[in-house]
Amino acid sequence: MAGLRRRGALLLFGLAALAPLVVRDAYFLDSLILILMWGALSAAWNVASGYAGQVSLGHAAFFGIGAYAAALVSARWGQSPWLGLLLGVALSIAAGAVIGYLSNRLRGPYFALSTIAFSQVLLIVASRWRTLTAGSEGIPVPFRPGFWTLGLSHVAWVYVALALALLYYGVEVYLERSRLGYRLAGVREDEDAAEALGIPTRRLKVLAVTLSAALTAVGGSLWAQYVGFVDPFYVFSIDLSIRFALNTIIGGTGTALGPFLGSILITSLETYLRATFSGVRTGFTGIYLIIYGAVLILVVRFLPEGLVGLARRARATPARAQA
Amino acid sequence: MDPARPLGPAEIEALAQLVVSTVLLGGIYALIAVGLTLIFGVMRVVNFAHGEFLMLGMYLAFWAFTLGGLDPYLVLPVSLALFFALGLVTYALVMRGVIAASHNVQIFTTVGLSVALQNVALVAWTGDFRYIRPWHSAVVLRLGTTAFNLSQVVAFALAVVLTLALFAFLRWTHTGRVMRATAQDRDAATLMGIDTDRVYRLTWAIGIAAVGAAGVLVAPLYSVYPTAGLQFVLLAYVVVVLGGLGDMVGALLGSLIVAGVEVVGSYVVGTAWKEVLYFLLFIAVLVFRPAGLFGQRGAETLGA
Amino acid sequence: MLRLEGVTKRFGGLTAVRAVSLEVAAGELVGIIGPNGAGKTTLFNVVAGYYRPDEGRVRLDGRDITGLAPHAICRLGLTRTFQLVKPFGNLSVLDNVTIGALTRLRNLRAARADAERVLETCGLAPYATARARALPIGLRKRLEVARALATRPRVLLLDEVMAGLNPAELAAMVELVRRVHAEGVTLLVIEHVMAAMMRLARRIVVLHHGELIADGPPAAVAADRRVVDAYLGEEFSLAEA
């Protein structure tokens, strides 16, 4: 099992690393960057929702915090977006602590609802607070070439996104192999039983959610710099939160490679469809979302372990340290 | 303002207007919320797609009006039947398989349904904001110094009629009692020979019919667009949580409270921030009184 | 080792546990019996930190543990099992027990090795890679005990681990409990299966309507009039045990 996973990861990330050396097409590189970024962001979601079992539908809150932090720091205050990234991390840790607190008061669907409410509050605040965030118009992020200002070429962005993806993949693998990860699995499976075994469930839940929040915010900051524009109705949207979940569920919740597999499938399908149908009626792009909705329903019911589960079954290997 | 001073005419007028607006709005929210709380109470499922059925109801009214010149209130009986049928279909295709599944599966099933329905609307009818303004939406009624819009009044009246009909059904018919029994104890119901699948199917269909009808009723009052359901569903959840899960009377009372917060909130801080108010209210209720102001069951534990 | 002083727990108008005082010496095996609803599991919940008592104190090895969180109490050396077993369903049997071992051990590999030893002791080694939720009830109960054992408790609270077992499984469980006791673990065992209880315990405590109505050796308890009226129904003959 570990061998299969390692080989899969090597293949995926290896290909991603080699691709820019071979292909120079901007559209292709853009897709690759987005696949890696969304994969990483979904992996961040996986930390809280897959590994710790705290299913959130409001992760866009953290993404938006990171995006706005980077955008404001670089566009408004003329500093390096890396500082904005750090600010985003700090703010998202605070937000994560709030959500973590909620996870200790609420379970299941009610926790999910509260995360939606939280992200919506941030959306409204960001879209209305003109003096701070330029309100509903959003913030364009200036492009200034250089590493310190994160003004990079497509090729460079591929490697930044790859580094992010590898880092987050590493975090997931750590969670699968470490004492912390095992105990989190206990929390996820049965909190009362975990408590009886000496696991501080409340503390661990807050830890997982806060870590997930910080990771998501970092992804948001980098994304904002790459895309160059922060629109509150997008960065705090429920659709975005659902997307992180969708990628992970299709790929395999609670598995390290799952979010990335899901991202490959979903993101490439989406960029392809968008490019193909951009000339046709604008409503057409909604079609892939209908498909995603249907796929989500089907996967969650018939293929609960996602693509990774499918691969495992194909090899008929029993799962180990089942997450 | 000195609280000891008796209210002057201007203030009483404003207060009266707020009260009337609250009641009118509350009636509509009640119709949306009772369907939701019924589904939760009997099936123990949090339906994230509830708002999308409302949105579809709004579109039904829109197209009936635009293409056929039909007034939404004429469409109402048809919409009840249509959405009931839609409920049966979605139950068979989507919900039946996940009734016994884990919470996560249920969450993402209804989330998937929500995404799919929103985008069906987007693809079919584009994202343009639509409006219908039948003759009654321009008619203003006056009672004393308060003013209200005829559409609001009729929507309120019809919503109340439907809600009362639902209450009567649950209270006095055999099927209604069976549904309430299942809500109280699923296992006992099965042991008593109750066909729970049939109960769930009916519950779901009724809940969908209620919210679809609510959509038809509110179409003259709001804009119609694919994500219109979103604001309503979150609001409906605030109502349901306030009133206690599965508590029908609580849903009514909760509707009034939420409507009141919205109306007063708009008056005091402006419409822009009122949404923040009711989200904060939502989180506050979930944290401090998850069983609701009137309910007994806890939202923090979702035992079947 | 474990001392309960006047522990009382109320739920609204119902007093589930009423002024229960109990002293358990290190290495003792004490059986707790009583009719359903007598407050036995509630007592465990209070001792293990899941409920805070309305009155009274709980002391572990002299230290006041009243109101501490369950995980803190476990770290101090007291572990409990659940009447309705709570396995980590999607994880393997080995992983279940490993998580228990991680309470004392920081190193994952060492914990896993420890877990394997515990599985061996409990006769679960052949099922190490099986998913916990695939196990039948008898093995689940054993897993529950194994997992608790992995935390190296000084005091172990077993809640009806014999219920629902067939005769062979029952004999095996009795053996297991005996072996655990022989290693010096202090045991509090709630049980309905009288035969097993009478065989294992040298001291039995009886709870009825939340009150402790008897405390002594099995023969004395079985003959106690109040116990017979409340619970046993007729004088329990030790010869049958």
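The chains carry the letters A, B and C, assigned in the order they are written, with residues numbered from 1 in each.
By our rule, a contact is a pair of C-beta atoms (placed from the backbone, for glycine too) under 8 Å apart; a residue touches a chain by one contact, two chains touch by 3 or more.
Everything numeric here is computed off the predicted structure, so don't read it as measured data.
A.B. asks: Graph of touching chains, which shape: line, ring, star, complete, other?
C.D. replies: Here the contact pattern is a line, an open path with two ends.
A.B. asks: Count the C-beta pairs in contact for A-C and for A-B, then report the pair with the higher count.
C.D. replies: Most C-beta pairs in contact, of the two: A-B.
A.B. asks: By mean C-alpha coordinates, which chain is most distant from subunit A?
C.D. replies: C
A.B. asks: Please tell me the distance, in whole Å, between the geometric centres of subunit B and subunit C computed from their C-alpha atoms.
C.D. replies: Whole-Å distance between the two chain centres: 48.
A.B. asks: Measuring from the mean C-alpha position of subunit A to the mean C-alpha position of subunit C, what distance in angstrom results?
C.D. replies: Roughly 43 Å separates the two chain centres.
A.B. asks: So what's the Cα centroid distance for subunit A and subunit B, whole Å?
C.D. replies: 32
A.B. asks: Considering only the defined contacts, which subunit A positions touch subunit C in the complex?
C.D. replies: Contact set of subunit A toward subunit C: 177-179, 182-183, 185-186, 189-190, 192-202, 318-322.
A.B. asks: With touch defined as at the start, can you tell me which subunit A residues reach subunit B in the complex?
C.D. replies: Within the complex, subunit A touches subunit B at residues 55, 57, 102, 105-110, 112-114, 116-118, 120-121, 124-125, 128, 238-239, 242, 245, 249, 281-284, 286-287, 289-290, 292-297, 300-301, 304.
A.B. asks: Using the touch definition up top, name the residues of subunit B that touch subunit A in the complex.
C.D. replies: 46, 94, 97-98, 101, 103-109, 111-120, 122-127, 230, 234, 237, 241, 272-273, 275-276, 279-280, 282-283, 286-287, 290, 299-302
A.B. asks: Can you list the residues on subunit C that touch subunit A in the complex?
C.D. replies: Those residues of subunit C that touch subunit A are 48, 50, 69-72, 74-75, 79-82, 86-92, 95, 98-100, 102-103, 106-108, 111, 129, 131, 147-148, 151.
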